[in-house]
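Quick heads-up: structures coming right below.
Here chain A shows up in two complexes: once beside chain B, once beside chain C.
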Partner chain A sequence: MQGSARRMAVEFRLSLALIALIALAPIVVDNAYWQGVLIVSMYFALLAAGWNLLAGYTGQFSMAPACFAMIGAYTTGLLAYHWSIPPSLGIPASILAAGAIGAALGLIVMRLRGPYLALTTLSFAEIMRLVIGNSYGFTRGDLGLNVPGLFESRLAYYYVFVAVLAAAQAGLYLLLRSRAGLFLRAIRDDEVAAASRGVDVVFWKTAAFTLSTAVSGLAGALYAHFSQLVSPELGLVSQTGLVICMAVIGGIGGLIGPIAGALLVYVSSEMLREAGGIQLIVFALLVILIARFFREGLWGLARRALQGSDAA
Partner chain B sequence: MLNVDLFINGLIIGLFYALMAVGLTLIFGILKVVNFAHGEFYMVGAYTYTLIALKLGLDPWLALPLALLAGALAGWLTERALMRPLYAGYSSWGLMRDEYAVVVTFALSLLLVNLVDKVVGPYPQRGPALVDIPRMALGPIMLSGQKLVATGIALAMIAGLALFLRYSFWGRQVRAVAQNRLGASLAGIDTARASGLVFALSGALAALSGALLSPIINASPDVGAFPAIKSFVIVVLGGMGSLPGSIIASLLLGVLESFGAVYISYDYRDTFGLVILMLVLIFRPQGLFGERGREV
Partner chain C sequence: MSCLSISRVSKSFGGLRAVDGVSVAIGRGELIGLIGPNGSGKTTLLNILSGHQPPDAGTVLLEDRPIQHLKPERIAALGLQRMFQLTRVFRRMSALDNLMTAGRALGLAHAQALARADRLLEQLALGRVRDLDAGQLSGGQQKLLEFGCCFMVTPKIALLDEPFAAVHPAMKETMARFIRTRHAEGQTFLIVSHDMPAVVELCPRTLCMNAGALIADGPTRAVLNDPVVIEAYLGGEEEAA
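Presenting the complex of A and B:
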């Protein structure tokens, strides 16, 4: 246990260093396009970190991180569009809406063991996207919804994302270090054993799912105000696929894997864009290879290589 | 009169749902995992049929069995390349098997959709009809010739599958492995071969479904998404792993959607299944026809 706490502390510091590096990047990256790429990478990093809380610590898979981001984006977008509610209220409302829907879904599904969450969230995601696309009168459907911006300068958005990512990461670390984190890890290691020792498995799994959906909602709301246009495409299953690719390629179950994975995957996907839409082919193949042969992702490989050289 | 038409058409839709759902159910029964690439077997069938018939100019009646074979091959290869670690010697993976199966089949689905999108192109392509008979009235029911023939083939396939599983030597092996993998292997059954067979069957039925429906629902890279989602809903409704349960749930969902589209809302017809799914998970989590599991 001692070792795992130390590993977590090391990973947390490394992830903060990575975020600090992102914060300093605009000194070198003065091009608005690539700053935008880094902002979207941070959006994905939030989604991947939230997804990892669930998948890496409770062994439950959500197929809907992009869908909850879409719910968050539409919550603040619709509040502003129909009732002129400012983002300072709209963004908290997005967190609440995504979290509340997540909690309701979690309460129904988490009582069951097995792949129920994955099945239900995938159906839920596809059908939510369909409903938003079809409800033209309220959401403007596939045309997309205009959302007011927050700032004039792109760098202001940049540092909001950096701050939110750092705060989310610190929150996750504190959570995982606490008693609750101990329960979550116990559930991951052996659900039945954890339950027999008095851990309220259903409650903690639902709580983790709620938290993860709330983080997705926040990420989606920020993204909506940054891009100033939201459409149902935000919730495409392929977007969720990208999030899962990021977490798996970076490494599930640690604190740094999802963030490093999101940066690596999204930035390289922008570079591959010129090669003509082969990004998802490459990443999906990479995920299959990693899942099949290196379970711990790239971060796991790197860690093992480092430890190997320490021992030598 | 309208209601009879709606009911029969609902049953027909349900039959095609069943063609998808039985494969998923069989895989869940034998490996206890969900195949998230199931919709892509449907897509493989739709494209094989459409491209062979249109580009090579082969007769649709020849393209149909080829699509079935392509689906069987895709299923068998998936099992060989990706599913073996679930049971072949990786004992320490016991706790992680669900995660592995979800990640790897979901990534396979992403891979196939994007590969086809890149290689064949994103444009929908309409498959040729098997028979050239326009819509006609059969008593109170309106049906096109294609739908009638497709329904007949689907019905024959499901009946054939049921007979195969019930009476044939291999079918009995599959059922034995689904009941108890260890027990079956102790009795000398090659469980790996049974799993391969189930994946091939499942891929073949999904591909057949895609091929039969391609004149009605055009082939496109993501055409498998909705059939797959419907079959996920059905598999849970029917009680994970219960074959009769999944067939009855398919027919129920087909009829429900057919009536709901007319009497409730056409635009939101795809949401009914999800609503029913939520209600069933709240009030009868073992599914409509499943048995409550026990844990040691």
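Presenting the complex of A and C:
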């Protein structure tokens, strides 16, 4: 097996091991509150993994992952609220709606680069949040929308999230090992060179954006049925900021970093909750330090340490 | 039928006429050098041919097919491959994956691309760095890697922009040997270079550009001895003197 494929396979196995640890956590964590914290961590892990496909593997900086989670959450929520559509249809509809809106937006914004892409997706996210918040007659606006639950048991939700996270990781791994993965990484490194080698840059960037938004839509739909209430706050820019913090702290451009980052940031944020707003300061400092000194994030640091100990 | 036919191609940037009504026909199997002082429009002409800059006027035919308004990936798929003056490789991908990207993008199946990539790595003496990230390779190795990417699928024409610049003599010889072998097999090349000995040794025919215009086209030694070409290269110095 060649070098990069071997590295990816190791990261995939380690990420599955981490998900297996999460799956075993309820043996120790029998408190419903902390199980809820882990469920929300997995929601964020899905968002961070989807964002990482775009930013880490394709080099496109979107500011809209939370917005597409909100779109997914409202799709299944509105279908259930207005037309009594069951979640078994509502959740796939959420994936399709987020993916279709993502594809339409991607066709426009994936011709842009750098700050223009970030600003355009940020504007789109804010417009969507304001439209949903102000469409009181249809969405109940800032009052929020009640969404039916899926299960009585919190553990059932827990294992649905574990299964979806594992499936998403497997899907990402297979994608990255395919020729699409080669093209996405080539685009990340040098769009001009990729086009010169014959890669249809706009098509593949749009495909990555669509997939990333579909994953966000799925995460949002599951979260809606778990929390049984969705509001425009789900799409706040601060939520997108949290997703980016998680991916950067864990390590972008790898399979394990976003999941580890989501767990670390969300669980420690809950632990620091009683200390008021201090968690925001801590994470902001961490992001600045990591972006400045450890571009590969905590997972990159751990990998280097492991390689160093192997060499020794 | 020419392999590449360039007809009255022009390109301006503001008031600067970078390419000025250039017309050239390149036959199949030709190995042509393109020389000229810095700023004479060579790279701009290559950018137009590979689709990175649209021309203001003129046509470019690749085997009778107009390509002057096609996107770079479409032109690459039609069989025009190029190498850049400033090396462009995928720095965070292995040398093998750089080649695999080129092969897979042009329609090769995985096994076929892998076999061709491994053969190219051996031919270009890059076998030892196969699994290293391209960013970790030396400047010369990166040039060789980018050069190799042009040949994952045999192109109709390969445009090489300064392939020998800042390359170790051993690597330069590896590249020159590869070019000679492929040329003998019928491969068409257009090589932009300031390395006159290499141009003399490799290219039977040479074009010379100055101030955006084509000022000479003919057998290499005749072009290099052409007073107009000598004036173009030395004129600035004479004026300065």
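Side notes on the structure shown:
Here, the second predicted complex is superposed on the first by the 309 of 312 C-alpha atoms of A that agree within 3 Å, B and C clash if a C-alpha of one lies under 4 Å from a C-alpha of the other, contacts with A are read in each partner's own complex, and residues count from 1 in each chain.
To be clear about the criterion, contacts are C-beta pairs under 8 Å (C-beta built on N, C-alpha and C of every residue); 3 or more make two chains touch, one makes a residue touch a chain.
In this text, all values refer to a predicted model and were calculated from it rather than measured experimentally.
Of the two partner chains, neither chain B nor chain C is touched by A:L21. Contacts of A:F183 after superposition on the shared chain: chain C is touched, whereas chain B is not. When the two structures are aligned on the shared chain, A:L143 is found in touch with neither chain B nor chain C.
Looking at the shared chain after the overlay, A:L301 reaches neither chain B nor chain C. Look at A:V192: by the touch rule set out above, it reaches both chain B and chain C. Put simply, more of the residues of chain A are touched by B, taking chain B and chain C as the two choices. By the touch criterion defined above, A:A163 lies against neither chain B nor chain C after alignment on the C-alpha atoms of chain A. Common to the chain B and chain C contact sets on chain A are residues 189-190, 192.
Put simply, chain A touches chain C in their complex at residues 2-4, 179, 182-183, 185-186, 188-190, 192-201, 253.
Residues of chain B that touch chain A in their complex: 33-34, 36, 82, 85, 95-96, 98-104, 106-111, 113-115, 117-118, 225-226, 229, 232-233, 235-236, 240, 267-268, 270-271, 273-274, 277-278, 281-282, 285, 293, 295.
Residues of chain C touching chain A in their complex: 50-52, 71-73, 76-77, 81-82, 84, 88-94, 96-98, 100-102, 104-106, 110, 130-132, 146, 149. Contacts from chain A toward chain B in the complex involve residues 55, 59, 61, 63, 108-109, 111-116, 118-120, 122-124, 126-127, 130-131, 134, 189-190, 192, 237-238, 241, 244-245, 248, 252, 276-278, 280-281, 283-285, 287-288, 291-292, 295.
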